[in-house]
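Both complexes below contain chain A, partnered by chain B and then by chain C.
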Partner chain A sequence: MKRIAEISVILLVALTSYFAGSFYRWLFGIMAIYAIITISWNLMKTIGRLSMGHALLFGLPAYISAMGYQYSVEASIYLFPITIILSGILFFVFSKITGKTAFVFLTFIASIMLWILTPKIVIEKDGILVGGEVGFNFFNVHFHGIFILSVISLIVIYLFTAEITSSRFGYFMKAVGDDETASKAVGINVDRVKLITIMYSSVLAGFAGLLYALDFGHISYEVFSVETSIFPFVASLLSGGNLFLSVLSSFFLVLLKRSLNSVYPGLMDVFYALVLVFSPKIGGFVYVKGKKFIKKL
Partner chain B sequence: MALSFLYNFFVISVMALMISLNFRLSKFLNLSLAGFFAAGSYIAYFYPNLIAALILGGLFGFGLSLIIMKYCESVIEATISSLGFGLLIERILYFIHESSYYYILNYDLSWLSIPATLTVFAVILFLYLTKNIGLKLKFVESDIELAEIYGVDTTKIKYMVIILTSATVTCFGFIYASLLAITPTIGFGYLISGIIVSAFAAQLKLNGIYHYVSVIALSFVLTRIFGVIL
Partner chain C sequence: MLKVKNLSKSFNGLMILKNINLEVKVGEVIGIYGPNGSGKSTLLKCIAGLEKPDCGKIILMERNLTDLKPWEVVDAGVVYAFQIPRPFRSMSFLENVATPLMKSYNRDKALKLAWDILSKFELEDLANRKAEKLSQGETKLLEILRAYATNPHIMLLDEPFASLDMENALRLKSKLKMMKEEGQSMIITTHRKKIISDLAERFYKLEGGVLIAES
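After this line comes the complex of A and B, so read on.
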């Protein structure tokens, strides 16, 4: 019953966007993409790993795929899943070699390095240099197609993730997130749980990146920006870590970005920065008030 | 070429030293240093006064330390707050100066980098080799709780470290501005290079002044190998 109500809310937002006009149909696509990133980020948080470099999982598969697209369509199609797997493995290795605190630093550094280095990547296509700060062109799907694809994928991903997190495996994930040593002591295969979760998170983020690239028909180094990495953190913070509320807060943040940036370009980034600065205070406030609110309900 | 290598080595080593000091004494990864570096560069372009950069850097540091000490209880919280603080400075710079790039053409302060870097090295050396202060600093580095129990004023040390490192990085942003294209994201490359250097140095598990000497040595080696890929 609860799931039906949650899906109805997502569908209601989608339908409202559909009937509000072309712009809002396109905007819903973006909202859904960011909601999928937040779901992906939340999964990693469940196993106790706070990723501040989710831009890497989001942008790298689509970026490498777009590079392959400059040569052939086949190369693009093959490179996409390979990069998803490799970025997932990279994050798993990070989680193996570091503790919870160092994982935050390492993921952040990795994504910032990509942000700094990718504008320097150029490749030759038919004697012309492409890439650099401009980025690469990619397949383009009409925004109607993206709208339908994003509605279906968001609902499927949400339902599947909600089921996973409330399943036996979900409890293992939470146990690993709370205490890895204790989880090992009670017989949970910690590495297996971490690997599966990180790979699933990587697939979701990579898929969101693909939708993003298909929507714009282009991808540049901007996908690796700090803003992309901090978006799911902010969305999750404002929702108190609840999966459904984090989808709604992602919708809200994308809408807020549109509104604030139309007042003054870049104003949303100030909002992000302020949320980060006061994140310990906001996190505690949302958690305490949220608990009280849920109790009242 | 050699001069350019020397400048890169100086700025990366200072950034790495400041990151190390923050991490070992204030117990968080200060990601706002990129923003402070950028602020220093903008001061050099619009109001070329080193004292102004020093004061503004100190004020930034004071603001950041207030937030860290008041609201943050863990390393991760403090690190994320510092990232937000740095981004806030960057965004404010975007708002005030919308144009993408600025170049300083009428004067060159980069010669100052040599005495400034040597001063930073000397100050750190002096602090750690002075018996009373050095002992306290090493105590805080190895076990902050125990240091507190034994009466070391760790809060004061944390405040001082954040303020002084912020002011230093802002001044270096000022000094290096004439060598670079000034944008709000100017400091990120140096910040990441500095983090990488201090992370490598941390693996050597050295204490006190030996750690900082290893940071300087590794900055030299890594700048030599990688140049300024970042």
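After this line comes the complex of A and C, so read on.
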């Protein structure tokens, strides 16, 4: 019953967007994409790893795929899953070689490195240099198709993730997130739990990046921006880590960004900065009072 | 059942354990006592696979556990309970005990079996209490029951009575006696021999990295 109610709310938002006009149909696509990023981020948080480099998982597969697209459609299709797997393995290696604190910084640095380096990547296509700061063209799907794809994707991903996190594997994830050493001591294969979770998170984030690239028909170094990495952290903080509320908080943040940046460009960055500065207080409020409120519901 | 042969362990050039030899039979409870810093925890962690010994072997029922990962050691039937309990804080007492059971059973069955364990030890009232809200004594009970839930051949209990008041120590001891009566093999470390004198059948003293069997 609870899941049906949650899906109904998501569909209500989608349908409202649909009937509100073409701009809002397109905007829902963006909202769904960022909600998927947040779901992906939350998975990693469940195993105790806060990623500040989710822009890498989000942008790299689509970026590499777009580079391949300059040569052939087949190259584009093959490169996408390969890059997802390699990105996931990279994050798993990070989780093996670092503790929880260093993981935050290492993922952040990796993401920033891409943001700095990708504008310098140019390739030659038919004697013309493409890429650089302009980025690469990609397949383009009509916004109507993106809307349908994003609604279906978000609902399927939401339901599947909710099932996993409430299953016994979800308990293993929470145990690893709470205490890796204690998890090992009671027989949980910590490496396997981390690998599966990170790979699944990588798939979701990479898929969100693909939708993003398909929506715009183009991808550039902007996908590796710090904002893409901060967004899921803020969305999760405002939702207290609850899966359904993190979808709604993602919707809210996308709408807020549109509104604030239309008042003054970059105002949303001020909002992010304030949230980050006050995050311990916000987290304390949401996690304590917010959880009590949700329990009463 | 469990044989530790010529086990040595050093940290940063300092020899903590020197040529340790130890045997535990089926259903036996062994006590190891010694002063703080004598290497009791290190010995148990080496057996549990949480520390790698420099040399030596750990054999359980003819199977060499020495190079196994910690979760493989648990699968083989050896489980370690920490001196300072490490509960899964986001879970309740019941969920903590159920989590190891979920390796073999689905979620609902594991929760049911965990409830049966709590009922056996008359701890149902703690079932829904969040781990972070438990008292010190209750957290100790959680640590031991969670280890017990793995259905081990042998439990390694690292100073289970440390930091407990008399009431909680007696409560814990009564649960360990119940486990002993079921035939559960245990190695219990302590720095106070007296407290486990009615639990353990044999004692070893660990001092200066050397394990000496008491006659």
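Here is the rule we use: the second predicted complex is superposed on the first by the 296 of 297 C-alpha atoms of A that agree within 3 Å, B and C clash if a C-alpha of one lies under 4 Å from a C-alpha of the other, contacts with A are read in each partner's own complex, and residues count from 1 in each chain.
The definition used in the following text is that contacts are C-beta pairs under 8 Å (C-beta built on N, C-alpha and C of every residue); 3 or more make two chains touch, one makes a residue touch a chain.
These numbers were taken from a predicted model, which means no experiment stands behind them.
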Record, for the superposition on chain A, whether partners chain B and chain C clash or fit. fit
Thinking of the overlay built on chain A, is A:256 touched by chain B (first), by chain C (second), by both, or by neither? neither
What's your read, chain B or chain C touching more residues of chain A? B
Touch check for A:117: first (chain B), second (chain C), both, or neither? first
According to the stated criteria, A:109 is in contact with first (chain B), second (chain C), both, or neither; which is it? first
After superposition on A, vertex chain A (C-alpha centre) with arms to chain B and chain C, in degrees to the nearest 10, comes to 80
Touch test for A:85: chain B only (first), chain C only (second), both, or neither? neither
Examine A:188 and indicate which partner it touches, taking first as chain B and second as chain C; both and neither are also allowed. second
Tell me the contact category for A:175 with respect to chain B and chain C: first, second, both or neither. second
Nearest CA pair across chain B and chain C in the overlay: distance in Å? 14
For the complex, which residues does chain C have touching chain A? 48, 50, 69-71, 74-75, 79-82, 86-91, 95, 98-100, 102-103, 105-107, 110, 146-147, 149-150
Chain B partner contacts - residues on chain A that touch it in the complex: 50, 52, 100-101, 104-105, 108-109, 112-113, 115-117, 226, 230, 233, 264, 266, 269-270, 272-281
Residue ranges of chain A in contact with chain C within the complex: 166-168, 171-172, 174-175, 177-179, 181-191
In their complex, what parts of chain B are in touch with chain A? 29, 31, 67, 71-77, 79-81, 83-85, 87-88, 90-92, 94-95, 188-189, 192, 195-196, 199, 229-230
